[in-house]
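Labels run A, B, C and D following the written order; every chain starts at residue 1.
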């Protein structure tokens, strides 16, 4: 009786052996892969199957011959992140987890430079922030050196070098004492990015004007308008002339042109003429007609 | 052999997921290293908007609806996620993400105030589904590096990148 | 026979009812007939009737009939009259609808009456009044208006070199390239702010400076916070500001919170907004002969003179009034009905609330302008 | 072929139908006024349009539903006229109603689908009402009640304001002829039946349109009246006289003396003629003070082109009589001019709609809809200026919501209720109320997430400029300017008034359309054969019988 049982068991094992072999589905996933690099996933089992790789960054599927390695060519899996791999033969499946990491070579950098325009001679007025990305636009999280260079049209340039943390590096710079455009450059590896910072004059300083007769009107004209550092105030800046007389007043807003503002306006004798720009007041003239 | 226990597990997990109120959230002190002072109101709204973005992320990848990303994601993150949705659509699958726990720390606030970076040590389940069939379910512990930038009314996720814990 | 009586009766009653409805029109009929006092012309047996009839014809755009009713029509052409009434160039007046006419007799004899006539116009920018002193003369048993024609300003032929500045902005494009540089918004700041409590609610008055070197499009929003921390209201300056500000230009603003009392307010949050815009530094408008009058009606009067070569179709005068300490006590405005032609001064009057009249010791006025693209001069 | 689609209210009807097409059970529509309830407008024609739209598309469904209204009206008019005049005259009346100037005006000019439907169903109900008043019996009673309920499902105005003109003459006739024929009755019985049918019909109407009444009682008409040119005096404003009197009445004006004369001379026609006359006077709007005296505040709610339409319907039995007599007497000499006059009367409103188009703005709103639907622009609200009735068409095509709209009865935005303007889109025509509303809504742009204004009329540009809006784009080769305001927060859901609860949505989806189906089924129950109308000699006056007519 026991012999019969043993024979039966042996026969059953023999019949079932191909199926048992077919169930031993497995794959050997790498723990970590660099973004965009080629890699292969050895599998066991037999017959056709599919390998599905899914993560927030990508989803792809490959038909595979089980028992051989699945090759994923360079540039196929390129978004950094955690991925779930599912190897399936139609009736059974095997699940694995692996990570795609950013490549170590910076390819692009997002350079945030602020502001695009600021007054001259301002301490720490300019900020630069750099995010480093690989060629597939993955944030490179390993520390890397980034240098910032601010060169004004006049005066010495400023340079800082920082090391990125979680893919970001930043710095602050001073604006130059003279007005003009400054070039703000960030370098990381072979990559660089440039921003233009306009360093503009501050408020007018020592605003003054003269008045001369011009027929029945007075011709009012400012001296070249400059800020307190001696930079010419940009053209288009509004200068307000006001003539007050006998409880009456005439005003006109005039934009600067070639550093000066001028206007002709009817001004009666005895009027007081004043000039201002924004909140900065200039000199006053008592108009006698001469 | 695996599929059936897996289905059973998923069947069990689903109501548990539904019963689960919300992922647990732990916010650590910011570690800014002097970049820019962070107002508590800003920190609160960044964390709130980031957690909100997870809702959009879950819904968009579950329903394969990229439009659901519009409010919460922008730039690279938006592009990459919508590409993934397009690929999922092509493969006929969708993914159901369930975030279980977040441990958040703000690590950078740019001097110009135009970007904030945070690190999220997140635990989540990823279920890969084909129709109503679960192809795989995998619990994952990851460290997400997230960069948010301000829009008119909220902070939007611009970079959303996971690395292994 | 009874049927005939009934039919004829119905006919008569119908005619009578139509006559009643026409001679004494109901309000909705008056509205469609031209609103105001209706378009029911009366026999011009009194000076007021002649004025009202003229108003009705202008309201209904029956300008040939209005012209023909004038006593002095031989002194000018119908075209002169049309242009005087509707404005010479595209302006507020060309888009206005005459709502009503009020006539006050100044002096009257048997054959002649001097009337002060207030034409109340409705425009897209709100109502505005135009007051003229008009003489009405008797011709037989009819009174006729002697129209005080304002002739089209004659600008001498000349070349006015226009070489004012213009700023153009090129943005980095619509693609979402993060970090790519874009031009920063203008730096503006509020240089003065003061809440004022009045019967109509709280007004937040102040001045905003463009502290940058580029032109700005600005607005000011304010939020009133109550003593319990609740928001009492959020409003903006709407049209009580010059939205376009050149570098270093200052504009007043006035924000109105109706149905709020200042005693309810714990704090005010100000939100100045600005964006960079392409703009031109012209036109330059001189504000001449500004005079603040306490009597008989508190107002600021003056003239606007366009110094550039282009016509300014729409002009908005904004005046800030200060007390002796230099604090802003009121901000007032006035749209100008007529277009500003180069070097042709146009009068303006800005009203001031009577209760503030005595507090005002100085004022500052600016002019915001708008000329639609492609308007034919 | 698609002429009815050019009429003024068509797009609005399509907009309502579009909502039912996509959300049958939820009458809350967020596309206008930040949200409004479609339970404020009886839904029957729009719901039928939505049902048929599943088969033939929205536009053809609309025209099909309009066509059905005309057919029903012709049948109804034949039966209504047969109460008063002989069958031959009633046939002429039935033919005349299809060519009626007002009918043509409402279809091709005003686009009042609801008005034509309510008239058709109402006129269908009247013979059953008369039969019930005169003879009693459950069949006419039930049919009348269900048809009245269906009428109200299409529109309630004729029931509320038109009943006196139509039913009082019928009650009077039933009393006058109570002793005639084999089935006699008493005046008291007629009055009692009238009261009974009024009570039961009112109850049926109350149930079928319950969400409508709830909304009406919760929000009685409190907004400042919106001017409507049908309230003008047609003599003082000849343009509106042409639009609302000459065009809709057409050649029917020539028959007015006959209608009054014959109506006054034939005893049994006197009630009809008096009903017609009263309706005619009210239908003159502001030309006489009668409408204001009778209606008081309701005068400023009602529009009078529909009252003129009812007056024309009331005149048709006697007009049919005139036509019948003329044709009998003069044969082809009468037929030809009658056909010409009928063609002119029917064609005049169509020609007028082309000469003075109410939808004068020929605008493709597709690019505007596309612009709004892309780039998150639909996160904000918008409104248009100078688009005419294209705003309903735009609302159908875009995902974005507007603070404006064309259905004024349920707008609850304080800025729109306060000043008495129509839609913001044509605010310049409502001086000063419309412009005040426009300024107020621009003032509160932040509150409503209102960021875009599409301008097709540069008249408004100065206001937008000085109010702080900037032109940011242009569409249709510069014909449409897009203006924007900076720093406006995105729109968020806002509810002014009360959203109808789900049970009201279910009622609204079942009962109105159900009442119409029931009415159509009941009409097929055979009537008891009896002569309810006029005998053959009614065409003659009481005083003189025309021999020729007797001979025919």
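Operating definition for what follows: contacts are C-beta pairs under 8 Å (C-beta built on N, C-alpha and C of every residue); 3 or more make two chains touch, one makes a residue touch a chain.
Given the structure is predicted, the values throughout are model-derived calculations rather than measurements.
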Determine the centre-to-centre distance between chain A and chain B, using the mean Cα coordinates as centres, and give it in whole Å. 23
Length of the line joining the C-alpha centres of chain C and chain D, rounded to whole Å: 40
Once you find the CA centre of chain B and the CA centre of chain C, what distance in Å lies between them? 56
Going by the contact rule already set, what residues in chain D reach two or more other chains? 487
Chain A residues touching 2+ other chains are 112, 114-115, 131
For chain B, jot down the residues that touch at least 2 other chains. 76
Could you draw the chains as nodes, link the ones that touch, and say if you get a line, ring, star, complete or other? other
Each pair of chains that touches is included here, namely A-B, A-C, B-C, B-D, C-D
Contact set on chain A toward chain B in their complex: 23, 31-32, 52, 54-61, 79-82, 84, 86, 88, 91-95, 97, 99, 101-102, 112, 114-115, 127, 129, 131, 137-139, 141, 165-168, 170, 172
Per the touch rule, the chain C residues reaching chain D in their complex are 1, 3-4, 6-7, 10-11, 14, 17-18, 20-22, 24-26, 28-29, 31-33, 35, 38-40, 92, 95, 97, 99, 122, 124-127, 217, 219, 221, 234-239, 241, 243, 271, 273, 275, 277, 313-314, 316, 335, 368, 370, 372
Along chain A, where are the residues that touch chain C in the complex? 109-117, 131, 193, 195-196, 200-201, 203-204, 233-239, 247-255, 257, 263, 265-266, 277-279
Where on chain C does chain A make contact in their complex? 163-165, 167, 178-179, 181-184, 191, 209-215, 246-250, 281, 284-292, 302, 307, 363-366
Residue positions on chain B within touch of chain A in the complex are 1-3, 33, 35, 57, 61, 76, 80-81, 83-84, 87-88, 91, 93, 95, 97, 107-108, 110-112, 114-115, 117, 119, 126, 128, 135-138, 140, 142, 145, 147, 159-164
